[in-house]
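What follows is chain A paired twice: with chain B in the first complex and chain C in the second.
Entry: the complex of A and B
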């Protein structure tokens, strides 16, 4: 058997472990940097229109006549057919929970007590499984499930700024038919 | 295309934070690979560096910062990166340097220092999300995997306990690995199921840790391999594939981009029946469910079958299809690009019978390594064979 006489690899493990305490207690030499940088993105025709419609309380998509998809988020070209998309189309503000998570982590991985309910909603009127990520509300975490019908809860017209957050969250929608 | 051999490998300790700079870690891993293959800096024709998001190290275009440690001064040098996919994509890039006949000896070095991003690298991950639709919701990266895991579990009706078995297996497998960060001989399924819920269904022990570390690999042409090494391993096939970034328009239950990459690699390697012809695999396991997801994408079993094989012990080191005998990312650690140490260096060590306590008892002939990256869209695959 060829394994018997050989020394195991990796033969050694170079490197020196440092704990967070070593940093706090200044047991090691280190240097520090906090970047200050800002960005302003211009959004192009597809997303500009999408966000302007959100400001009006509407969800809009684009059709691709080649692959027969109704796309949301909308884009001016179809990434699979690689051709221009065809028309704008208004969609409903209801949909289906495709997947979800119940998060006890904030964006910096700090722990939070009240969980954030988050998931992907496929939008009614778009192609199956076409939608976007958003929050859920007006429900207990244990009620949230894949396949659940939900409806957008909008900010007031005055509060809306042309952002994905013009929708506050999606709530359970009993009026829906699967 | 020319045949490409692997003749040496190296890796550093993997820990949450290491004292050495990225450059120094690259040097340490490279030196180990040079010692094993018996070559020096002057013998290396070209260098490939793999390192994932710049934001971890906090040095923009960090390839330039790292090159001196990667024996690349005054040599043709390129840095490649596609998130987590980098750990297998870097040796793929090394492979095409040699397969094309442009270089005879290529050094591949992978480095990641996640510990420099303070207090936690999650803050850097915020900057990989789409700025228009995703970032205003202040997402945490774990959400993505929680949503993918939930979809996978729900579609196939998989129990969490069958997913937890992967974390247990890999943390136990890592016990024989000198570089391992989270080896645990005594861990149980209950430990995983009772660990802190981070973003349901993801719990603390479902996830690999952030880590610092580096790894290195030396590739060469057949002529060189005959001169330098009595027992090379061979790269028989490589594949890579990426799906659309519109991740909310895809069904996350199955990684079709991994299947595409695997088919490309298998075709090149002349593998017609991966289930019969592949002896062991190192699929990418940053989360326990990902090992299962990737076994399916690699066509090593049917969709939804990977948890059953795991429950039946097939994927244990002494099973019929050992999976992650290195201990994987869950056991050895996850310095993103540097996980080449588990996904590719381990293939080399296993195929040359050098894996020591981790050695698969049947002395396997063919192994497949795979990584996954970007926004749940990139698959990178390598097939290696014993000499």
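Entry: the complex of A and C
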């Protein structure tokens, strides 16, 4: 009896395999729940103004007179000088690719055929390496490279809601000098 | 100065509302699966009995939590879906803090012929009554509507 009992105690429990099919076919019983997890992020004056200007189809930054920088996305406080920033400044909707990534996974981590092109764009008129993350479009994944000139493609005025997605994506732009 | 500037118009700052997706699927496990599949077709419960200490678990366990020994399949027993109320609470709000139309009595029920207890909703006529120690019986959903969850037990009612 004792030996039989000991054999029933493996060092590692083998576990029970459950496949997706078992769940879909309801071969096993389970509990499914979707908790309501809501949040509300207070944007503050700088990011609020930035999004309100995006709704108008403009990109706005903020200047710091002391370190002579143009910050975009704008901030009310300069993290270099430890002082409030000075003025609002409108910027162009063009820039160049700072970094990029080609993703073959969608936001739900599912594999996709057409990759999502995403990267950081440093906006023209702002200080070097000041910009934000966005999608790239109207280009092949091979074309995308660091330093590439890009221009924002905006949603129509009616579609814009005051969100970063008011810009659809950035497309290649040959119009300007670097 | 900018810090005074930002407080002049309180309507201007925006808020960004969002909803986080965090759905989950929790399989019942070996013992739970057998238990729920049993109540899908029967009006009784399944329990498992430890061969060493004779403790009877309902909902069943495949390991005895006292002697850490495995409970073999032949030690499973069918127990009635009735029990004794050990303790209870009266809820007046739901899980979203909304006021309920009528108060809900939730109790810990010691299942008959077992050594363990289960949580359940209790239907009583008189809400102010002390129902500790009272015999109750489970009322199940119609057999064709059962899904194999604890919600198949609608509530527990008094045995007269």
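Following the convention adopted for this analysis, the second predicted complex is superposed on the first by the 143 of 178 C-alpha atoms of A that agree within 3 Å, B and C clash if a C-alpha of one lies under 4 Å from a C-alpha of the other, contacts with A are read in each partner's own complex, and residues count from 1 in each chain.
Everything below uses one rule, namely that a contact is a pair of C-beta atoms (placed from the backbone, for glycine too) under 8 Å apart; a residue touches a chain by one contact, two chains touch by 3 or more.
The shown structure was predicted, so the numbers you read here are calculated from the model rather than taken from an experiment.
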Which superposed partner A:71 touches (first chain B, second chain C, both, neither): first
Partner chain in contact with A:33 - chain B first, chain C second, else both or neither: both
Which superposed partner A:131 touches (first chain B, second chain C, both, neither): first
Larger contact residue set on chain A - chain B or chain C: B
First (chain B), second (chain C), both or neither touched by A:24: neither
Touching partner for A:45 - first (chain B), second (chain C), both, neither: second
Touching partner for A:98 - first (chain B), second (chain C), both, neither: first
Common ground on chain A, meaning residues reached by chain C in one complex and by chain B in the other: 8-9, 16, 18, 23, 28, 33, 35, 39, 41, 43, 47, 51
Touching residues on chain B, where the partner in the complex is chain A: 9-20, 25, 28-29, 31-32, 36, 58, 115, 119-120, 122-123, 126, 131-134, 136-140, 142-143, 146-148, 150-151, 154, 176, 178-179, 196-202, 212-213, 244, 246, 248-252, 341, 345, 349, 353-359, 363
Residue numbers on chain A that touch chain B, as the complex places them: 1-3, 6-20, 23, 28, 33, 35, 39, 41, 43, 47, 51, 71, 73, 75, 79-80, 98-109, 115, 118-120, 127, 129-135, 141, 146, 163-165
Of chain C, residues touching chain A in the complex: 1-3, 5-6, 12-30, 32-33, 36-37, 69-70, 148-149
Residues of chain A defined as touching chain C within the complex: 5, 8-9, 16, 18, 23, 26, 28-45, 47-49, 51-52, 76, 84-86, 162
